[in-house]
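Below, each structure is written out as structure tokens.
Heads up, the next two complexes both have chain A, just with different partners, chain B and then chain C.
Presenting the complex of A and B:
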């Protein structure tokens, strides 16, 4: 999608469209900030209900210099990455199995499809009883969230590989490992990458959920809860901004990797 | 998923009823293992209650009426939140898809807001709106709003120029062109957005009810967890799965109906 816009934009070679776009794009957020600050200066709402943007930025600075934020961010990142890797690795294996073996598909797909109907957060009470509310329970939940999207996309993508390629493998007397590494995985790469990308987004969502629902521990979701318990809205807003920022980094990175990998494959 | 493509590793062939039976083998096997595990007491009830206990919890909550009232409350919340979020999302998505100016103005802010985790909004929404219906409906609406806007914007923006020119040639008014040409042409992505929106609404409902609620299926989950009534938790998980399946199935049916004319054209 976006390389189209890139190639279109390139011949212009003028800074003006970029400037124009950023000015227009910043207009609305700037307006909102001004209105927000105005409400606070005019005391239309009590400051403990709506702290001013300046106060929120100040809180952000204190948290940053206080040093605790670093620990929280790192704790959240560690959770999301552990769960994401475990979940995608398991999802990839299961997806390959479903994609390559019709017997596995017939035996296991109905169960998997039934499992997918259950809302993700319904697993929170179950997992917390099985694994406890601590780190294991949290990572188990994140792992679970990353599993399904990778399975679905891998499975579908392997199924969509043209028969001719598979027959080529048969003619070349590939064994099962070759079949996976030389045909199935490269052939299904765009689908797999899509799955991994959405797994990363789900994993992040699940991390926030795990930190909100399970035992209190360092992490950005925990800070959000702390803000609610202490009625410190400035802390909640800072935590929410940081969560949003990290989410943005994740989705942008995933999109970048997807583009890289898929271009590599096409090129 | 059911493809004409043959699987690589084996070429099992079975007719449809045979296939349905094969699909039931593993669940039935798991059920038997579960039953035996419970009977022999290999695992404590707090870790895995017997299937009989889960069934009993299902029957108990169904006969006492708790199950129905709470399901109805949850489904109503999802319905209200989704209706609000999808309606607003359709409007904003259409505007953004049609107007480049609107995109330039709103897109950066919207794409940033789209990254705000709906779950993270729950604690904030509780402080702003209380823990009652308004909070839950608002968070659910927000969660369904985002994917609807993203997909409708994309879909409407991708409607071929030629179709829009056709509408101009035929001197359609803007409203007529929108409702008869642009939106019908964008039905598939719009439906993708609605489906994602509904899925998000459903997920967020469970999360919001789990977090702060006194009624609803999510509340039953939270209660079961607190009281260590694992049988009730599993029963509610089953109900959530069945209702989710019914909702998805209905939406898929509506989508196929709406897309019938396109299939014929292609």
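Presenting the complex of A and C:
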């Protein structure tokens, strides 16, 4: 029997209000595009420094039809998802431990807080020595980047559950497992979801970083490097736009999942 | 005041003799219980030398001004706090921790917002060891008992305060506890809902034949529901008097002269009746 029913269907909303709200937000990018094209047409900058939007779109089409690009996108996606899931799962377990056990908190919290002081990218050299600059090293880095945000948010959210509910668990003679599954996890869910969302952002950041700084392999970061090495700015711009698009898809999906999953907030 | 205390001791003695005569220990025995909190390095005495014996099936109400330790006493009976002097025994056994033999209703309903009404009631059966079919039957039965059979799948946020508290009552009863502990269960409800739920509580408790300890600040509620009323006085909380309510429990009229007399008696002990009368005049 499932004790926790999370989702409920909502009526589909019309797209029009969304479009209307977005018009102003899209106006500035459209203007910039026009200005950009104007600069190129007027030859204010050499084209090898700033290729025109039309040229960038053409390059995008070439990359798509060449078949190479799909491989790159998939390679990056595979990395971000692997690292994200590994890091989130580890972070969730660690966060639950810190949130539920005062003993674990006293033992582990200082170490964790010290670890948090280390800038993410400072791990790159060490991880590349331990795991190599290949796939394992990259995923290790992504995993590490997804870990901390989930830990912090899960830990904090479990600590924020009102005493009255924990007391209820005691009155109902819940054991540790009941306390976790019926009170701590659902009570902390809004916080956990927030943590997982930022983990996704960090994981994406780390994926591109790993591809830029570690061994060359298929992936969006690799294409950015290639663009730099070959002095093909149109390729670099295409890669940046694709990264933007994928990032937007990620954050929108995460927001949607959050809305569906979290129908309550405590306090 | 001295004579009240004297009355109380005599009551206590008579209860004791009665229990000894039939050779059983009382259902609930609060035996010289004192409780002191440490607040910022200073000690604050909240309960002093509380003595109370409750018979099986008896309904005892505890009334008193706020801060007289009523709720603390319930927490001790629940076993949520075992750091006190004296002893609390349930059927002769010392209370050491919470148990399913005690059902509890708090002032706030404390429903879990991520579970439906039925899920919240079922949560109390988590540790019952009953098979799943039996649990479902018990949940349905108790939701029906509190008049919410049609709201089994409703979420707490969809329920009114009164309905939420009914679910909380069903949750407290679903394990068929021998003791029902109520901590101002109707205190947060509007007057009309409160009266209606008092009627229902009377009916339910009669049906389940539980031994009940009700903490309330509503004297009418206490007189309406209880067999005995324990009046506590504050600073520190101690028994100032025990009033027997010898009215037929199944058929109490809130405006009958006997009812009003008992209510006034309790209010007198609480020291508020006089002022109430002056205000009315």
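Everything below uses one rule, namely that the second predicted complex is superposed on the first by the 237 of 267 C-alpha atoms of A that agree within 3 Å, B and C clash if a C-alpha of one lies under 4 Å from a C-alpha of the other, contacts with A are read in each partner's own complex, and residues count from 1 in each chain.
Methods note: contacts are C-beta pairs under 8 Å (C-beta built on N, C-alpha and C of every residue); 3 or more make two chains touch, one makes a residue touch a chain.
Since the model is a prediction, treat every value here as computed from it, not as a measurement.
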Pick one for A:25: touches chain B only (first), chain C only (second), both, or neither.
first
The answer to whether chain B or chain C touches more of chain A is B
If we overlay the two complexes on their shared chain A, which of chain B and chain C does A:136 touch? Say first, second, both or neither.
neither
A:253 in the overlay: touching chain B, chain C, both, or neither? Say first, second, both or neither.
neither
Using the superposition on chain A described above, determine whether A:100 touches chain B (first), chain C (second), both, or neither.
first
Mind working out whether A:173 is in touch with chain B, chain C, both or neither, as first, second, both or neither?
second
So, A:164: does it touch chain B (first), chain C (second), both, or neither?
second
Between chain B and chain C, whom does A:182 touch in the aligned arrangement: first, second, both, or neither?
second
Report for A:233: first if it touches chain B alone, second if chain C alone, otherwise both or neither.
first
So the chain A residues that chain B and chain C both touch are none
Provide the residue numbers of chain B that touch chain A in the complex, in ascending order.
1, 3, 5-12, 14, 19, 22-27, 30, 46-47, 101, 104-109, 112, 115-117, 119-124, 126-128, 202-203, 205-207, 210-211, 218, 221-222, 224-225, 228, 230, 233-234, 236-237, 240-242, 244-245, 248
Within the complex, chain A is touched by chain C residues 78, 80, 97-100, 102, 104, 106, 108, 110, 112-116, 119, 122-124, 126-127, 132, 155, 157
In the complex, the residues of chain A that touch chain C are 1, 3-6, 164-165, 167-168, 170-175, 178, 182-183, 186-187, 189, 263-264, 266
Considering only the defined contacts, which chain A positions touch chain B in the complex?
20-21, 24-29, 32, 49, 99-103, 105-111, 114, 117-126, 128-130, 155-156, 159-163, 166, 169, 176, 179, 184, 204-205, 208-209, 212-213, 221, 224-225, 227-228, 231, 233, 236-237, 239-240, 243-245, 247-248, 251
